[in-house]
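Below: a set of structures, written as structure tokens.
Shared chain: chain A. Partners: chain B in the first complex, chain C in the second.
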Partner chain A sequence: MTLSRRETLVLGLGAAVAVMMPLGAHAAVEDAIAAFTGGADVSEGGVTLTAPEIAENGNTVPISVSAPGAVSIMILAAGNPNPDVGTFNFGPLMPRQEASTRVRLAGTQDLIAVAKMSDGSFVQTSREVKVTIGGCGG
Partner chain B sequence: MADGKPRVRVPKTASAGEQITIKTLISHKMESGQRKDGDGNPIPRQIINRFTAEFNGEVVIDVTMEPAISTNPYFEFDAVVPESGEFVFTWYDDNGDVYTTSSPITVS
Partner chain C sequence: MISRRDFLQVGMAASALYGAGGMGNWARLAAQQTLTQDDLLRFDTSGNVTLIHITDIHAQLKPVWFREPEFNIGVGEVAGLPPHVTGADFRKMYGIADGSVMDYALTYDDFVSLSQAYGKVGGADRIATVVNAIRADRPDALLLDGGDTWQGSLTALRTQGQDMVNVFKALGTDAMTSHWEFTLGIDRVMEIVENELGFPFLGANIFDATWDEPAFEPYQMFERGGAQIAVIGQAFPYMPIANPGWMFPDLSFGIRQERMAEMVAEVRAAGADAVVLLSHNGFDVDRKLAADVPGIDVILTGHTHDALPEPVLVGKTHLIASGSHGKFVSRLDLDVRDGEVKEVNHKLIPILSDVITPDPDMAALVEAERAPYMDELTEVIGTTDSLLYRRGNFNGTWDDLICNALLEEREADIALSPGFRWGASLLPGSDITREDIFNATAMSYPNAYRTEMTGEFLHIVLEDVADNLFNPDPYYQQGGDMVRVGGMSYRIDIDQPQGSRISDMTLLKTGEKIDASKTYMVAGWASVNEDTEGPPIWDVVEAHIRKEGTVSIPSNETIKVVGG
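Presenting the complex of A and B:
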């Protein structure tokens, strides 16, 4: 089989689009982290993200975040149409920098927690959650 | 369920410096803006975008919320109470509504 010039172009374009799409979603996560950290380095560890390994219903996935010594923690869902989930800002009356809530997940994806420590440094962790029924749109 | 009906669980008494656990829930549909109605038109976003808890005017926790927070937003967190006083919980709706509730606590 020989490919005409036009067919080759179309194939190339299709491949380029296929490569760009996941990159686009990834860029949104990186942008959100950069906006939160102001471009500072983010190291791994020091923040704990607790979530079920398998969530049957993506509409309410119980999660909890904890980072001793943090002033705020941002949570991102890398596979959601809008990766932002929320930001917890902790006041001085909290004995442990820890909070729980319930989130929506569109499908199986990575959850990311980025914590800002009281000394101005940033740490992050991520965790994969398998979702049986998606929780966005429908 | 009617929107904006808060429910909170705060212990009525505590000893000074004790860690207490606070649980809050508010009924709200948290319309994400991603869904479409029967005719295929997008349903406009209407969520609670911020939640705060204060004790005697001092911030305990301040949460910025996005559409990925589930229907009927639930939060659980700890606090220490240095003296008797009142917790004030506030939720801010996209449409400008503000829902508040308060619960007193006695430190013995």
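Presenting the complex of A and C:
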């Protein structure tokens, strides 16, 4: 047997995450949040981030965000080489401030959603998504 | 023919005898009382609704031996809570007398001795007798199957689950949920669900992977005793991760707690007086779900193979654990009035095959299902000097035997056997038949691979599996046990985070520490990767047992466990 794609993915990623998380990624996340908020205070809550606890396929992880009253929501994948996932902007005619997308995750990491509310305040939440080898479930 | 033996129940006498007799041989010491089918089934029918729960039978149609685990460690908030209590601690927690039937059924320590007194457990014909007896009291009792029904035996493998489908239809099952069912492949599952099953196959958390839309019925409403009972199904959440996703490529699972909250609200709005969750989440996941999703009256738990003699209460939610392999049936009588459950009465019924009279119709059906395979099933391959069992967080003698077979037959340095919790036990002195080997190995991706792995990758594998078992957040646990390892020892510190639990990995044949950069020849089975090459594991094990003649598995001292 050749332990194929899955093994390679996990091997590569284990190493990459271990090296990058403490240094590069964290600073990049802080920079991205600061750029989005202009340095304003960010409180917890008011934005919901839905994602699987354990990714079924780290290459395409379905996620959704919702923040009633938001004008935009930025999503970051804190453990990716480039943490930027995207920013959703909601026009005044949008009935609901929610959006779904799929992200590629380089390994187990936190996803972060930051929402800018219509009053100019900012809220955020985060959720850990695990990327695992799997294969031993009961 | 099956003889009805007289049964020895120690009861209070056990504690008096303890000092004189010492551990072991309770069977001989216990001679006061006989145990009857009526004793096992006695129940004061109450309320207006009865639920019967069977789960994780793993295709065991005939009575088997089944030893409960010695190690079933809970982490984080659930440390020391049921079901993470074993042996003497378990007996003390539930007031179970040493040597009693519930000692035999629920704890491990005196298993071999007590097995002589109490006999095998399970059997579809005995289960049918119990179900029929309950329905004699309460004709419209709901029979709910928690899944892991269509996999785990030679006959289920050969018939692609048909034998189990036929038996569970004959039992009068009202609904089921699923896990290993999907390892028959999506085409076979759909063939059964759409054309053969005749009762709902529920899974609120099963979605189409492309469009993220519900793929199966989430719940079924039943009118019973003048009340509306909603049964919501929850399939195993980590199906495409723990089992081969390529066998059901268009499905997505997950816990989907928000979806469960929506379903509870939906069935309540539709008039449900009681909400029952038929779950294959695993006990700790269900315990967390019960705390986070209000409005569920009863969770019929499954997957982790726990058996508890009393419900665990989380808020107003009753969690029921009904064991595995047909060893138990749970009965719950609910008093459902005015839109709520007023009272729950519960009994965990051990299916002692020598006490419960087989139902003749079911016995005939089981024999008919097995008849085409009898020559294959009954061939004796060898004998065992040791108790062979699977359950335990770190190892079991069945997997020690499988790892030995992999090391020798596949000429490997290190062997890996997955931490499955299914598989019947075998008593010391028993013949090992082909059926016994299949009871520990029968599944649809059995190929025994042989491949090189670096020391670093082996460490990643062990860390990954350890976190699936010991992550303090139950939602990150997949519900299996630790991968079993042959040819290598290691130390595990349960309380550390992923990446820091496993150390001191040592190659047993040289006594040298595993080198991260060196490659080792590794044999294993049950890879989730498509196109895995190698002989099926049962052939590897059979060849090994034939050479050994009589297998003997010494106590496994290769894993040093810290913390937990």
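Just so it is clear, the second predicted complex is superposed on the first by the 110 of 138 C-alpha atoms of A that agree within 3 Å, B and C clash if a C-alpha of one lies under 4 Å from a C-alpha of the other, contacts with A are read in each partner's own complex, and residues count from 1 in each chain.
Here is the rule we go by: a contact is a pair of C-beta atoms (placed from the backbone, for glycine too) under 8 Å apart; a residue touches a chain by one contact, two chains touch by 3 or more.
Quick caveat: nothing in here was measured; it's all calculated off a predicted structure.
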{"item": "Which superposed partner A:130 touches (first chain B, second chain C, both, neither)", "value": "second"}
{"item": "Touching partner for A:98 - first (chain B), second (chain C), both, neither", "value": "first"}
{"item": "Which of chain B and chain C A:82 touches, first, second, both or neither", "value": "first"}
{"item": "First (chain B), second (chain C), both or neither touched by A:35", "value": "neither"}
{"item": "Which of chain B and chain C A:27 touches, first, second, both or neither", "value": "neither"}
{"item": "Set intersection of chain A contacts, chain C complex versus chain B complex", "value": "100, 135-138"}
{"item": "Complex contact set, residues of chain A against chain B", "value": "59-61, 64, 77, 80-82, 84-96, 98-105, 135-138"}
{"item": "Complex interface listing, chain A residues touching chain C", "value": "1-7, 10-11, 14, 18, 50, 52-57, 62, 100, 108, 128, 130, 132-138"}
{"item": "Interface residues, chain B side, partner chain A - complex", "value": "19, 32, 34-36, 55, 58-71, 73-82"}
{"item": "Contact footprint of chain A on chain C as seen in their complex", "value": "179, 209, 212, 236-243, 245, 252-255, 258, 282, 303-305, 418-422, 447, 449-451, 453, 456-457, 460-461, 464-465, 467-468, 471, 473, 475-476, 478-481, 483, 498-499, 526-529, 531-534"}
